[in-house]
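Here subunit A shows up in two complexes: once beside subunit B, once beside subunit C.
Then we have the complex of A and B:
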C-alpha cells in the first residue's frame, strides 16, 4: 500500500528547505518554466498542453484572487520544485516507488505542485516556510505526505499524529471546533437553566 | 483574631423553608413548592390549543376534587411540530427491525457531536466506523459532561429539562425535546392499537392519568394535543397525580377525583399500581401502562383480574426513551423507534443471541441527545422471532450477588425466579456485610414466609422476614429489589 512506503528522513527534507534560496520566492521567477524544466530533468518528459494549461490556471490570477495569494502559491510551487530537485529525494527508493505508482516522476511531481499550494496557501507568509523551524516541519511533512511516503523511521500513526501537531490548518480547525464546543456547552447550560426549560413538559410513560 | 464588635448586628438567620412553606416535606425539596416551577402562560404551554381547549384544561384544574396541583406544564407543541410527529407515528407502525439509520447516525455524530468530533480529530473513530467498533457510553459519561453528547447544530431554544435519578449515583439532567416527549404518547397509542385496544377520547373521562405514590411529586393537568384522533375532536385531557394523602385537600377527594374522571389509560409503575389496586376504586381503564420498574407477573395478573384490560410494560430510560414493550409478559419486544439494542458481556463484548448480558442501546429519537452504545445497567438476553427483536428475562437492575453460607455466590436472577414463584409482587432482599439476609415483603400478595424459607434454603442461611401491611411500608422512591453490603472482595474471601 502506498501509504506504508517509507521515504527520506524528515530532517533531510527540512534541511533542504532551510537551504532554499530567497530567489525561489521572488515574484519575478517564472514558476511555470521551473516546473517544465524540472519535468524534463526528472524523466525527460515534455509537459503536454493540458498539463501546462492546468499549471497556468493554478499559478495565475483567478476571480477574487489577491496578488499576495498568487505570489504565495507560486512560492510554494517553487519550494516543492526545490525539494523534488534534491537528488537525495528523487533517488529515494520509497519516492521512486510512489512515483511509479502515479505514472512516473514528472506526473508525480505535477501532483505535488497542484496539491501543496492548495493545502498550505493562506496559512503563513511566504518567507516563513523557509525561515521558521515549525513551518519547515509543516512543509516537509506536507510534502512527504503528498508524495505518498512516510518520513523514514515513522509509522503511519506516528506520522499522522506529528502531522496533526504541526498542521496550521488542523490547529486552526481544532481551535475553531473547541471554541464552538465550549460556546455550545455554555449555551446548553444556560438554556437548561432557563425557567421555561425547567417547567418542562408533560410525560406520558414513567421512565 | 480580632475581638467581637459589640455593635455588630447578628448574622441574619437563613429562613427555614419548612416555615416558609409548610407543604414541603423536607427543606431540600423547595422545587416542589406548589407552582414554584411553573412560569409560562397556558398559551405557551399548549400553543395549538384554542380558547375552548384552554378552558377545558382550566376546568380540570378547578375540579372540586382536584389535588393540590404542584406544577403546571403542557406539551409545548407547535403547529410546525406536526411534521415530526407524523414521521414518528409512521415509524411506530413500521418494521421495528429496520436499522439503516444506524450508519447514518454514526456518520452524523462524527460531524456534529463533540465527543465524536474529538474522536474523529484524534483518529480513534470516524464517520464510517462500524457501530460495534465504537466505545460504549455510560451514565457517568453523561453526568460528567452531557454537553459533549449534544449536537452542535441543533437549535437550543426548544430544550426542556428532564432528569433521571437512576438507581445509584448522581442525578442526571437530560435535555429533552417537546416532540420526543409527545412521541411517547403516539408510541403508546400505536402499541395499544396493535393489542386491539380501542382508545378514543370520551367526554368527561381523562384520556390518561399518570399515577405516582410518593411523599412529594410534581402533579399537573394537561391536554394531549399530539393524541391521534379524528379531525375536529378535542384533545383528550390528562393528569399527573400523586396517591399520597398529602397531595390532596382531603384523602376522599383522591378517590372521587379518580372515580369521576375514570381515566382511560393508567400510566404508572409497580408500586403506585399496587396501591391503586388496593384502593378498590370503580375504574374502567382500557389499558394500563407500566414503566420505570419491573412488572411482576402477579401484578399483571391482578390488573387483568380487576379491570380486564391489557397491561403494557414499557422498558426504557429517561436518557433513551422507550426501548421495548411487553403486552403479555413473555419478553419485551423492541419498539419501532430508531433504537438498536445490543447485549454485551461484562467486558463489553457482544454475546450470542440467547445469552444474558447488559442491554446497550443506540437511539436517535431525541435531537438533543443521540446516544450510541449507551450502557443501561440493565440485563436481559436477546432473541429474534416473529415479533421482532425481543428482550427476554429483563432485569431492571444489575444482578446482585448473594453469598451462601458455604461461600458460593448466587445471582439475584435466581432469587427473582424463586420469589416470584411464591407469588411475591413487591420485595427487597438484602444481605449485610456479615452475610445476614433480610427479606422485606408486602402482605397483599404471595406467600412471604414460604418465600423466606425458600431463600433460607437457597443460601443455607437464616432469613429475617419483615412483612409490611401496606405498599407504603416499603418506603418512597424507585424501589430496589436486591442489594448487598458485601463488595466483590468480601465475596471472594
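Then we have the complex of A and C:
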C-alpha cells in the first residue's frame, strides 16, 4: 500500500464474503477455469500459457501437500474470484488505480489469487472463511491489503492495527511466544519456591 | 481542579441541575441492559462521599450511588448514561450479587498469587472491562468517550496502559486514542482482548486468567501505594482512572454458596495456555488441549477453598469479618448436604373436635354447614345470609403435645492432635456440625463442648437452640493436651454433688475425637490410670451415644472394647461423612421408633 490508496468499505467486502455460495468451495469446481473466465470478464484478457501453468502449479498437489491443503487453496482462490467479481469492488476508484499500477485488472487479479492462498492457507478450515465473523474480517482485510488499498475510512496505522488484531498468523505467533514466556515464568516461580523451601529446611533447628 | 470547576462543585444550583439531568438519564441506562431491566433510581449525593470515585454500586443493597461533586470534578457530567449503565452492569453482569463478588475475588486472588492487597483493585478492573465492552459493543453506549474523558493512564502504569490498549483493540480505536503517546504492552493487550471476549458472559471463570495476565505487568510498588488508604483518587491520573469504585458493600458475612464452590480453588491458567481464549488460533491442535498439554479446566484439580483462604479473600476486598465467623459459615454450608433427620418420638395424635360458638352463615357458604337448630332459635323467619348461622368447630390443642426430639450432648476434641477447623477443612469438625445442625433442625437443643486438657473447655455451657452458639463451639480450637471432661458428662447425665442432671430430657451423647477418646473411659491416678464407668453410666441415662473418631485402623478394636454400648464411627475424609450420616440416621432413628 505504498500510495495509501483507499478502496471499498470493509463492511461491503465482508458482506460480499458472507454471500458467497457454498458451490465456490465445492472440490468439483474447476478453479482454474473460474480464474480464466474471470480474466475475460474483467478486461477481455485471455490468460497466456505461462500464467495458466503458474496457476495450475499453485492449485495442484505439490510435494508433501495434503488433499485438505489443496482444497483449502482452491477454495480461497474461488473466494478471491468471488470478491473480484463484485462490481462494487471492480469499479472502486482505488482498486482501479491499484490495478492500473499492476498492469491491468487481470494481472492484478492474478497477483491476488497467488498471494491470498499463500497468506491464509492452513489457518482456518475452509467453511469458516464464510461462516465466522472474525474470519470474514481477516479475509476481507487480507484481500484489500493484497489488492493494494486501504479499507475506506481507515488510516494506514489503523488498518495495520486492525489487521494484526484479526490476523490468525500474527496472533498464533504472539500466543506461542506468550505461552512460552508464561511457561518459563511458571517454571521459574516453581524453582524459586523449591529453593526457598530448601533454604527454610536448612535453617530449621529442632527444639 | 480548575477554579471554575471548584466553584461549580460548591454551587447547589449546579448540583441540583446536574442531579435532575442524571435522573432523567436513568431510564436510558436501564434500557441499555434490556427493556425488562428494573431498578430503583440511583442515590445522588450532593456532598463528597470520599469513596474514591464518582460512582459505585452496593451489591448488598442493590443500589447505584453517584457523587455529584466528584462527577463535576472529573468532568464526566455529560456522560450520565455511560456511568449509570456501567454501575448497573455491576448488578447485571459482574459481580452481580455478593456471592459473585466473593467468587470473582477468590479467583483473582488465586491468579495474583501473594499480592493480596491488589485483589480488590484487579477484581474491580476485571468486572469493569467486561461491563464496558458489553455496553460499547452490544448496547451502543459510548464507553470510549467517557474513558477518554477520564484521561490517559500514567506512562509508568503498565496496568493502566494494558487496560486502555485493550479497549483500543476491542473497540477498533486508533492506537493512542486512549493510551496517548506511551508505549503499551501490545502482546498482553491482544491477549487480554481475546480473554475478555472469551469470558464475556462468565466473569468468575475468566477472573483468574486475567489476574495471571496482569500479574506480570504489575508495578507492585505503585499499585500497592494506590491500594492503600489515602492513595490518590481516580481523578489524579493514577491507574484507578480506568474503573469506577465498584462494589462498596460493607457486609463481612460469607455469602451462601462460596464455601462449597469447588471451582474457586482450581489453579489459574495463563490466557495464552487457555484453549477457550486461544480457540481456533491454535495450530489445529485438539481444541481442548493447550500447547503444553494442559487444559483450561482444572483437569480434576477443583477444590473448595478452606475457611482460612476464604477469610483471606474477604479481608483482601475490605470486608470486615473474622476467621471464626467465616469458619462457622463454612461448616454450616458443608454440613447442609449431610444433615440427618434427627430422631423424633411422635405420640399418637388426638383428633377430637370441640363445639365452638355460632357464627353467621353467609351466601356462598356450604349449605350443609347451616346449623338449623341455631338458625330457627335465633329467628323463626328464615332469611338466608341474614338469620342463618353455622357452628364453629375447634381443635383441642392442649391434647396435641409437641413432638419431643432427642437433645444432643456434643463433645468436640480440640487437643493438639486435632486439626484446627478454622485453618483447614477438618472432616471431624464437619461431622460435629452435621450432628449439631441435624439436632437443631429437628427442634432439639444442643450442648456443644470443645475440650482439650484438664479444665480447657469452650462451649455453650448448657443446652441451647442457637445454631450460631453451637457452631462457634464446633469451630473452636484449643490445641492443648487430652483429657475428656468426664465431670461435665456426669453433671449433664448423672447429676453432680446432689444436683439433678442438667440434661432436660432424652439426650444423645456424641463425641468427636481421635485416639484421645480413651480418656473418656479412663481416669488418671497417681499410678497411671484406671477404668472409669462414668461414661457407661451416663449412656444408661441417655437416649444413645455415638463416638465419631479419626482413628488409625489398628486402634479401632481397643476403642471399640472401651466404648461398650456406644456406637463407634470412623471418619477420616469428607467422603466418609455421607456413610456416617446415613448410618447415624438409620441407627438412631430406628432405635427411637423401635423403642
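The working rule: the second predicted complex is superposed on the first by the 176 of 207 C-alpha atoms of A that agree within 3 Å, B and C clash if a C-alpha of one lies under 4 Å from a C-alpha of the other, contacts with A are read in each partner's own complex, and residues count from 1 in each chain.
Just so it is clear, contacts are C-beta pairs under 8 Å (C-beta built on N, C-alpha and C of every residue); 3 or more make two chains touch, one makes a residue touch a chain.
Not measured: the values here are computed from a predicted model.
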After the superposition on A, what does A:118 contact: first (subunit B), second (subunit C), both or neither? neither
Contact-wise, after the overlay, does A:202 reach subunit B, subunit C, both or neither (first, second, both, neither)? first
- Query: Where does A:185 make contact in the superposed view: on subunit B (first), on subunit C (second), on both, or on neither?
  - Reply: both
Touch test for A:128: subunit B only (first), subunit C only (second), both, or neither? second
Should A:157 be classified as contacting the first partner (subunit B), the second (subunit C), both, or neither? both
Partner chain in contact with A:175 - subunit B first, subunit C second, else both or neither: second
Check: subunit A residues flagged as touching subunit B and also subunit C 157, 161, 164, 174, 177, 181, 185, 189
As the complex stands, subunit A meets subunit C at residues 122, 124, 128, 132, 155, 157-158, 161-162, 164-165, 168, 171-172, 174-179, 181-183, 185-186, 189
Subunit A contacts subunit B in the complex at 157, 160-161, 164, 174, 177, 180-181, 184-185, 187-189, 191-192, 195-207
Residue set of subunit C touching subunit A in the complex reads 113, 168-169, 172, 174-175, 187-188, 190-191, 193-194, 212, 216, 270, 272-273, 278, 280-284, 290-292
Subunit A partner, complex, touching residues on subunit B are 37-40, 44-45, 71-76, 114, 117, 121, 123, 145-148, 150, 152, 156-157, 159-162, 164, 173, 175-176, 178, 181-182, 184-185, 187-188, 208, 210, 212, 220, 222, 224, 238, 240, 267-269, 289-292, 314, 316-318, 321-322
